Every structure is written in structure tokens, then in C-alpha cells.
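A, B, C and D label the chains in the order they appear, each numbered from 1.
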Amino acid sequence: MAVQTLDDITRLTRRQVAWRTAHDIEDGWYVNLGIGMPTMCSNYLPEDREIVLQSENGVLGVGPNPPEGEEDPDLVNASKQLITLLKGGSYVSHVDSFTMIRGGHLDLALLGAFEVSEAGDLANWTTNDPKFPPGVGGAMDLAVGAKRIWVLTEHCTRQGEPKLVKACTYPLTAAGVVKRVYTDLAVLELGDDGVVVLEMVPGLTLETLQAVTGPELRLADDWRELVAPEVG
Amino acid sequence: MAINKIVETMEAAVAGIGDGATVLISGFGNAGSPTALCHALLDQGARDLVVVANNAGTGREGLAALMDAGRVRRIVCSYPRSGGSVVFEELYLADKLELELVPQGILSERMRAAAAGLGAIYSPVGVGTQLAEGKEEREIDGKRYVLEKPLKGDLALVEANLADRWGNLTYAKSARNFGPVMAMAADVTVAQARTIVGLGEIDPEIVVTPGIFVDRVVHVPTNAGGA
Amino acid sequence: MAVQTLDDITRLTRRQVAWRTAHDIEDGWYVNLGIGMPTMCSNYLPEDREIVLQSENGVLGVGPNPPEGEEDPDLVNASKQLITLLKGGSYVSHVDSFTMIRGGHLDLALLGAFEVSEAGDLANWTTNDPKFPPGVGGAMDLAVGAKRIWVLTEHCTRQGEPKLVKACTYPLTAAGVVKRVYTDLAVLELGDDGVVVLEMVPGLTLETLQAVTGPELRLADDWRELVAPEVG
Amino acid sequence: MAINKIVETMEAAVAGIGDGATVLISGFGNAGSPTALCHALLDQGARDLVVVANNAGTGREGLAALMDAGRVRRIVCSYPRSGGSVVFEELYLADKLELELVPQGILSERMRAAAAGLGAIYSPVGVGTQLAEGKEEREIDGKRYVLEKPLKGDLALVEANLADRWGNLTYAKSARNFGPVMAMAADVTVAQARTIVGLGEIDPEIVVTPGIFVDRVVHVPTNAGGA
């Protein structure tokens, strides 16, 4: 039997990673969604849960995208996308918004990453490429302030290199903060037991996943298949 | 499921508070004092409390009742003695109550530091005075400051005007005072609200304390300045 | 001719001291009034000036006392007296109120005093008498935060001792902050030139005033009589 | 006499700003950007400015226009590069603009420290990272913090919704963002307001920025998200 390669595997789409993550957000949580895949999670929150989304520019209770013709340029999220406000939502100043964030009042922040280390170190703000002026935004505040940090990311870079590494090579956003990583191949938990695989996409073996992952992986006893529906 | 922070009884409002807790109690004089919640805490029975409040109670109601029953070990406040602070004066002169006196603006600023996750702040207030004794002093850009530590509550009791099931709050006029900062600075924040309204009935522009800072809301129809 | 004594002199009443002080508050100023005589100034603000009174419990734009029957227990000043709000006034949180105070946003704070030293040191919060539990309130914040500190006080203690002293004997509120002192005998300015008498009540001589004042006094070249109307 | 902070011209709104001034400019992306005031500052002519803003402008309008005209020496911001930040990118890559990158929450927190008269704050953000290099680090109660200095403006330009002659302001939805803290943190604060109302027409409970923090108000009827 030939050795499995990733070419044999159907990866999740970015939307499916967002869908999968959204289903782990618990009822009643206050959650900040970072730019990119994290923001996409807002489309897939389970309807039987009331989850309050915070946007660091000063919106608590972010609602779905506005219907065409009802966009309001005064109502944007931190990605500068046009949004709506849920009933029960409120507008707050930037200082009060980051009081929520830094003061430990958010249950969860979902962030993107260039790299995550096995110790939970996060690098997501700069590659030190002189051609790209750096931008940090609220990432460092969120990374140290929220009660939980989960990362959504492709499992590998475009060059096929692992993004989950033994030690970050890019400048850190914060050390030891990431507790969970959702990728297009797996759901992984970072903790005292090292990196534990909770879920893998159908057909993927631990060996194949290990080959594109820096730290040593351990399969959870109760691991499951990571199956996501087609989501639009 | 829906988020519903409204509790039906005073008992539920203060459930689970342990002995030795630090309790932030809003109000400036009687305005904004959560009198009903203080009595609920009295009934609940927690002892050895550290209370943070601007004043040390008046008459024998509310905070004064808690102190009168011997439940308060220490009070952190700016102005304990004012018209009617009889219980405080009795206990203080009998050496039955510890007093930590904090300049009024630093009282709220230290709570804000806790709310905002700061490790400490350099304050210009009280430098070189008796109230800064034992505190680290430092010169920054030619001016002297003292290091002040965050002041965090296990519990905050606040008095609000409107509230909804998400815990959004507004306040009534100058009864606002310490409510917003105390709500942000405690692990568990309980609001007694004069009126409970449906979700969405508070204009999102006028919410003063967003629900994220509030854990429980209980309906206490009249306040009339804390009386 | 007999030596003048204070018994020969008509002192200002407390209300007159407040009246006199109020007339030095400039148009457009933001002003905090301490407990006691300072609070009485609100009754005597010149009607041709718009002056915004701040109360540290969280009221900006304090108005006159409410008419009987229209008192609102939710609307009090820092002395816990029932007040009203002017058009253009607003309610703020305690933190925002002291941001105004400590951040140098007030033009003036009027305070009472146990003692004021010639260097402008202020002692107004405790006499260290064990029978009187101390209370500081907002005095220390105001003393270091407002752009100007003026003190209103009786010139002497009940025992006839000077309250304006060479060096304070009571615990300080703040060092070197008082710029002007309004008493029932005189208006005095504290500065690099020492203590300068700007005004004295009719008939009072510098010698008599000096006898009840700690630091050496100098009479301003343009000094005037301190005359106040009967005020109710 | 009456307090009247309303000025009739854009010229009067930004009069007296000197070269080298530190200018706080509100807005998050386009929402809440005081575009008209930026153009007034361009016309006014001040050079060598230090600008504090969350983003570094988009297109060639507003803040971007100021930068494009070579008036900005240094920008202090959290997220300079975003859709349409063409002027910033040109200047930065040509080494014609200094960049001080500050974590977003610390940007507003440092301005708040200035507004509140604090000497410095200990922040948990960025500890051990490149952005904390050269900053004093300290352990407090078992957690590491970096010392952050206050960030004060000579001038703040903010975009408001309602304003009155005392300078009381409200904001429009998420256009609030940096307006309140910047208004508090500058020596001179100028607001462009979409609607000027009579004194007393803004409910005292919903004033977001009290007039004490505002020096001048100019009427700029439409904003439409900064465009």
C-alpha cells in the first residue's frame, strides 16, 4: 500500500473551518472575531445559541451583514466591513471596548496566525518583511486579554510548510496563549499534554498529519472525524 | 437558549458569595446605593467582608446594616464620615473595623485599572502625604507620582435605572457615579434595576454599562435615592 | 492712639466670603466647589457670566437649588445636597468625573482649609485627632489636578490662631498648590513674591492683619478695600 | 456673555496650530474620520506633524491628503496598512515617514492615561515582543507588564453627530470609536459635527463627550462614513 499523501485528502474550505469553529462557541459567550476566517464564523453560529460578538472598534452585539440598500457607513466591524447591530447590542468608546478585551471580559477571541508553537505562542502580526509595513491592530491586546484564544488557520503555508511549529520563527504576538487550533485538516488542542489531535478530516492518518506539523502529535482517545457540510 | 441574566429573587441575586469576599458597593451618599442588595447580602450571611464604597453608610440601612451586623472586616473608602454615619463611627472608635482611606478619584481609578487589566498606575495624587506612605514613588518627566495597585472586586452591587435580560444598564442622573466602574471591576456584578425592559428597548447609543460587565439583574422597583 | 485690634473690625460673613470669591471666577470657567463655603459660591456667581460648575460625584453643569417639591434624590452634588442641572449639563461616571479633575481640565477648584502655608501647601483633610476618623474625599485629587486652587477660610481658628502659616502642622493634602486665599479679613495671593495682600476689609491695617497671619505679608501696590454687600 | 464654542469657518476651527504639533485624529477606517478638519489643517499649513490615529488613511483624502502633502513627519498607529492605504505605503517604503506601531488598545489607553493625569501605566500587552523592546518590564503579583507612557495631543480632531454651543457631543454608532478618548487627551479639541442643536436639546444622560473636553465645534453637515 502506498504511503498516504495530502493529495489524497479533501481539505476543508476556509468557510468550513469557520463553520467547524463556530460550533464550538458556547451559548452565552462573548466573542471577538479577528480579520479573515475568524470573521467568517459569524455566518455559522448555531441558531439555538445566543452568542454576543464584540468588535474592537466599539460594537458589542454584532449582527449579520446588512441587506443591500440598508448599509450604514457608520456601522462597521474591526475589519471595516458593513455590519448590523443585534437587539441588545450597544456602541462603546474604543477605551471601553479594550477594557472588555484586556480586562478578561471576553470568553473567547478567534485569531488568525502565521505560526503557532506547541507552547501556544502566537505569531500573527509581522513577518519582518521590509516590503510590508507591519500592522498589529488589536491582536496583542486580544491575545493576552481574552479568557481563551483559538486560532483558525490553514494547516500549512502556501509552500507546504507547517504553521504549527515547535518554536515560532516570526516575531511573537504573545507567548503561551493559544489553547486550540482549527485548520483545514484537523482540530488540535494545546496544553500540558502537548499537542493533542481532537479531530481529523476523513481519511487522514496521524502519520500524514504529523508530516506537516512541527511538534509531536498525540491522538486523543476519543478523537473524531472532522466532517463539515458544504457551506456557502 | 437565550441569555437571561434576570433573577427572580433577592436570594438568587447574591447567591454564592463567600466569606472574606471583596464587595464593591456603588453610590455616593444615598444616590445610587443598592440598598436592597445590601440587605440581601445581609440575609445571605457572608462574613468577614472587605467593602469598597465611597462612603461608609448612613443610618442603619443598606451598607450600614451590613456593618452593624458585624459582617464587614474592612472598608476601603474616601469619605467614611458624613451626616448619619453613626454605625461606622461606633465601630471605628471601638476598633472593630479597619479603614483604608483612598483619595476619591484614585478609588475609582484603581477599580478601573483592575477592569482594564492594568498591572498598576502612577498617580499624581497624594504624593508626599500621609496617604502615600509606604507607596513606591517615582519621578516621570519631572513630576512625582505614586504607584497605585488595581482594586478588584469578587462582587459588585450596583443600582441601575433600566436593565434588560442581557444585563445592559442605564443609571438615573447622579446615581450613575460608581456604578459603571464597579460593574466592570468585579468577577460577579449584580444590578438592582428600577425598571426591566425588553431586549432592544434601550437605545444602543445610551447604554452606559454594556451587558458583558453584568452577571445578574434583579428588579427593585423603587429606589428614591437609596431610601 | 490705641493699637488696633480685631475687635474693632467688621469681618465678612461666610456668605460674604463666598460672594467675594464668586466675583473672581471668570466667564466660561469650569469650576469645582468644595464642601462648605466653596459650595456657597454657587449662589453668588455674576449673572453676566456663564460658569460651569462640576461636582465630582459626576455632574457637570450644576444649577441652583431645586424649588420646594421638585427635589430629586438622584440629583445631588458632592456635598450630598439636592441640586438641579443647567441646560447643557450632563451626567458622567465617577471615573470620567475624575478624569476631568486629575487631567487638568478644570480651570479652578475652590477648597476649604485647616491650614495653608506661605509656599501654598494645603492641609484640609485631617487633624489626626483619633476621635475623628479621617476622610479625604476628592480633596487630594482636586488639589493636584485643577489648573488653579483657591482656598476659602476664616482667617483664624476659633482659638484665634492663624490658618495661614509659615509651615503646615497638620498632614498635607498637597504641596505648593494654593494660589489665592479668601478670608473674612482679606484676599491674599501666594506666589514667588511671598504672600501679597490684595484686599483688606475696611479699617483693617496691615499690622493688625500681620498679627494674625503666620508668614510675612506685603501689601500690593494696588490693594483695595474688601467691601461686600449684605448677602442672604 | 455666553460660552459659545461654535466657530463659523473651517479656518477658525484649526487656527493657531503650530509646526511640530501632535495631532490626534479620530476614526476607525472611514467611520468617524474628521475628513473636513484634516483638509482644513492642510489649508492651514502646519508642517512636521506627529499624527496619532488608528489607521494611516485611505485613498488620497483626509489624513491621506495631509500625508501626501508631506505635512506628517511621524505616524503613531496600530494598523497603518489596510485597503487603500496607498499614500502611507508609498511614503513608508520611500523612508519619508516615521512609523510608531502601538497595540491598538494601548493606543487609546495611553491617550486615556494622558487625559486622566496619570504618569504611566503598566500594561500586560506585548510583553516579551518586538513592540516592547526598550520598554521597562516589571513583574507585579506574578504577572509581567511593560511600562507605557501617556500619549497627549496638542490638538485633537474628532467627528461627532450632535453638538451644542457648550461643546457637548454625541457620536453616530461605531463612528464613536476614538472620538471620546481623543477629545479628552488634547490641549485643544476640535469637533466637526453633523448637526448643531440648541443648548439643552441633548439629553444630559446621553452626552458622550461633555463640553469641558471640547474647545471648538464646526458644522460639517454630511459625513457618510468619512467620505
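As a working rule, a residue touches a chain if its C-beta (ideal position, glycine included) is under 8 Å from a C-beta of that chain, and two chains touch if they have at least 3 such contacts.
Only a predicted model underlies this, so the values are computations on that prediction, with no experimental measurement involved.
When the C-beta pairs in contact are tallied for C-D and for B-C, the bigger tally goes to B-C.
If you average the Cα atoms of chain A and of chain C, the two centres end up 58 Å apart.
In whole angstrom, the spacing between the mean C-alpha positions of chain A and chain B is 36. Remark: chain B and chain C have CA centroids separated by 30 Å (rounded to whole angstrom).
With touch defined as above, residues shared between interfaces to two or more other chains in chain C number as follows: 85, 91-92, 98, 102, 144-145.
For chain D, the set of residues that touch two or more other chains comprises 109, 112, 116-118, 123-124, 171, 173, 204-205.
Taken as a contact graph, with one node per protein chain and an edge wherever two chains touch, the assembly fits none of the named shapes, being neither a line, a ring, a star nor a complete graph. Chain pairs that touch one another are A-B, A-D, B-C, B-D, C-D. Here chain D touches chain A in the complex through residues 28-32, 54, 78-83, 88-89, 92-93, 99, 101-106, 108-109, 112, 123-131, 171-181, 208, 223-227, going by the rule given at the top. Remark: chain C residues 55-59, 72-78, 80, 85, 91-95, 97-98, 101-102, 126, 131-141, 144-145, 171-175 touch chain B in the complex. Residues 27-28, 30, 48-50, 52, 54, 60-61, 85, 87-92, 96, 98-100, 102-106, 144-145 of chain C touch chain D in their complex.
Residues 109, 113, 116-124, 138, 140-141, 143, 145, 149, 170-171, 173, 203-206 of chain B touch chain D in their complex. Chain B makes touch with chain A in their complex at residues 1-3, 112, 114-118, 164-166, 168, 184, 199-200, 202, 204-205, 207, 210-213.
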